[in-house]
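One structure is given here, and the rest of the page talks about it.
Labels run A, B and C following the written order; every chain starts at residue 1.
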Amino acid sequence: MNLLKRLAPLTQNQSPFGLIILIAMALFPLMSDNIFYLEIIKLAAIYAIFAMSWDILTGYTHEVNFGFAFFIGGAGYLSGILTSHLPVSPYLAIPMAALAAGVSGIFIGYLTLRLKGPYFAMATLAFASILFKLSFILYGITGGEEGISGLDAFTDDPTKDFFVVWGVMVAIYLVLCLYARSKHGIILKAIRADEDATQSAGINTAYYKIEAFAISGFMAGIGGGVFTHSQMHIGPTMLSGYLSVIVVLLAMIGGMGTIVGPLLGAICLSIVNESLRIVEEYRIIIYTGLLILFIYLAPDGLVNLKFIKDSRLLSFIFLGDRKPT
Amino acid sequence: MEILIIGTVRGALYSLIAVGFVLIFSVGGILNLAHGTYYMLGAYLTYIFYTFVFGAGGINLLLISAILSVLSVGIIACLVYYILLRPHIQSLLYVMVMTLALALFVGEVMSLLFGVSGTRVPSLIEGSISIGGIKVINQQLILIPITALILPALWYFLKKTKMGQGVDAVAQQRTGAILMGVSVETATLITSGLSASLAALAGALIAPVSSVVPEMWLFPLIKAFAIAILGGIGSLVGSVIASFVIGYAEILGSFLISEQLTELVALVVIILVLVFKPSGIMGYKLR
Amino acid sequence: MNLLEISNLTKTFGGLRALERISLTVKPQEILGIIGPNGAGKTTLFNCITGFLPFDSGSVVFDGHNIQGKKPYQIVNLGLTRTWQLLKPFFGMRVIEAMMVPSFSKRARSSHLSKKNEKENIAGILQDMGLTKQLWLEVDNLSQGELKLLDILRAFVTRPKILLLDEPFSGLSHKEIENISRLIRKLNNEGLTVVIIEHRLRELMKLVQKVVVINFGNKIAEGTPEQVVREPKVIEAYLGKRGT
């Protein structure tokens, strides 16, 4: 009974739109046999995990993490190494790798506590670059440029694999929603607005900042591990600055500080990216151009657009905001 | 001896790039992640002007191409600032992401136009000379006197001319400058153009002896960022010093240990500086 | 026993002596005013007492605790809360959310019954102060006076023993000042000790029992409002030598 009570916040303030996206994704394999499209949606789900994990830190504190690939690729490689060199199953390796990512989050969070703005961004970028370089230097374990291939998948069936990924994504979505609407999220928003004032309210801001970093890292680690075993391969691209930037873009365009926004951003943009394959030669240019346009027109993201926030109906549908009468 | 010369050349190259980067941040608060792109465009545009506009007709036209390239980049930077950045300039995240997206975009365009393998740009000064028994490529060498001319000229501009003093005022103490009637927007506009032109100049000069590829915007950007942190954001002198320090350190490092390891060490140093002394060696803390 | 004891507090910025061996005491349930010309060091004093600025020498003992070296949030959790001279609203949050933040502090949590109860409690406080309509609005939509009031109410949620208010009346209308003064008197009657920095001397003197005057980092006078106002040094500080 107590558990039900604690889970109650999950149902309150849920974004109907977010739930619709989640359910629609689950219905897809039931309505179509197309494995190719299934793989696309599966990848989109994984990027959604990345984007949501990034959002819980940067969206809520506005300190820009520009080296998110550190957690994604770091955990991805760790999971790959554990399963390829030792007889560990992915179901065990991924949480372990994610845990390592979470602990690094505590470490990095502590070191960067006093850094703000560009300094914070640079530090996160530096950490990711170090890991990136290491993946080449330690090519014996990491396979250098080629990465590690032939890793274990989750199941023997692409559809079942899809549901594993989908399940993880939904779990992370719900957990992050719960976290964001709890006192932790409120405190992070307060820190974002004014850290001194939050201290004056008796809050140990350092603790909550580090905690957010750790959770962000842990979730990203899960995403990285899931990526590795769903693609059965991990390579240096998952540690690259390019990945870090894409995650930022997906979350930003969707709408930072909402959890639903990044979910939306990741799914939509992944689908757009894939549908552009018909003009493969110009795909990346058009895609990047679109991203620039989106950011210019909606710098706070799509779900944070003024007309949505100002409208009672729309802010309920997209953000789950319920204004009392 | 070879280390000394090549290190100096590197330091000169880096200082041209880094000074612009630091300047636009001090003046406009803009963390321009497209700065490396301006460097890259300096190289590519020189090639484009020379090959397509002037039909590859001789050294003089090459020189003009380089100059046109530098000017064009300056204008492009002004446009980027005015149209794309100004509307949401107060958000650091927006500026960072927008300039980075632009950098990716331009990189892709270059990749489409010229392919992933290097583009050959002819040298302004061919050949090499021998200094103290070491063969040094002329094209690299000219960086030193050019930088030695440009940097003092920049200093003169900032400290002695009226327009420059306005820019300098904004860089040092924004609120004070506003109270004195200096237009921050104008200062930022001028600085955008200036900063990009410096980077483009570096790109145009080094193009003949370096690999001109669509990814060439990334590393100068990272170097500029690192130099800004070490030298202190807000201090031009600090960034020049840091540029040479990093230039020499890199050369030394690649001689003594592998290049990969040197970069790794550099990254660790950056983190250590950030954690323990974020204001850098000579700069002041972020306002 | 003194609730707050400041002894020989000194703070230097580079070559500038911001605070010079300041000593003062605050008794429980006292309302103390701190006045002085601009730049005298009053806010610096607050910053040192509340852990936002380290001080060079002297001691600050609050409720028996030596607070030197403690972090600001730790001092708040001991029962010493402050407000700020410049408004510090929590932009981007709803009013009720912003008010909940201090209720998450260790001190507040150990004294309230349940989260729901606390939320109702806070809503009740807001309603008492006439802010019912604003409960669900975003902080960004509030007026200056409302934000000021919110800052003070937020401070109160931490259940302080002593509340330091830095220029609570600045920028407010007479009616709003009356409102806040009434609130302070009410809280004081219920046991709260208050220290107020202010420039609006007329309104301040009606509220406080004791006044301390600071100029150029030095305490130059101390006493009841009537005594202090007559001190030549105080008049000189505000009006210059010709004022005497």
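The rule is simple: a contact is a pair of C-beta atoms (placed from the backbone, for glycine too) under 8 Å apart; a residue touches a chain by one contact, two chains touch by 3 or more.
Everything numeric here is computed off the predicted structure, so don't read it as measured data.
Participant: Report the topology of the inter-chain touch graph, choosing from line, ring, star, complete and other.
Facilitator: line
Participant: Just to be sure I understand: the centre of a chain is the mean of its C-alpha atoms, right? Then which chain's centre is nearest the mean of all of them?
Facilitator: A
Participant: Could you tell me which chain lies farthest from chain A when each chain's centre is the average position of its Cα atoms?
Facilitator: C
Participant: Taking each chain's centre as the mean of its CA atoms, how far is chain B from chain C in angstrom?
Facilitator: Centres of chain B and chain C (C-alpha means) sit 50 Å apart.
Participant: Distance-wise, how many Å sit between the C-alpha centres of chain A and chain B, to the nearest whole number?
Facilitator: Each chain reduced to its C-alpha mean, chain A and chain B end up 33 Å apart.
Participant: What whole-number Å value describes the gap between the mean CA coordinates of chain A and chain C?
Facilitator: Comparing mean C-alpha positions, chain C is 42 Å from chain A.
Participant: Taking each residue of chain B in turn, which ones touch at least two of the other chains?
Facilitator: Not one residue in chain B touches at least two other chains.
Participant: Touching residues of chain A toward chain C in the complex: what are they?
Facilitator: Residues of chain A touching chain C: 183, 186-187, 189-190, 192-194, 196-205, 323-324.
Participant: Show me the residue ranges of chain A that touch chain B in the complex, using the header's touch definition.
Facilitator: The touching residues are 58, 62, 64, 66, 111-112, 114-119, 121-123, 125-127, 129-130, 133-134, 136-137, 241-242, 245, 248-249, 252, 281-282, 284-285, 288-289, 291-292, 295-296, 299.
Participant: Once bound in the complex, which stretches of chain B touch chain A?
Facilitator: That would be residues 25, 31, 84, 87-88, 91-94, 96-98, 100-102, 104-105, 108-109, 112, 218, 222, 225, 229, 233, 260-261, 263-264, 267-268, 270-271, 274-275, 278, 286 of chain B.
Participant: Going by the contact rule set out above, which residues of chain C touch chain A in the complex?
Facilitator: 50, 52, 71-74, 76-77, 81-84, 88-93, 97-98, 100-102, 104-108, 136, 154-155, 157-158
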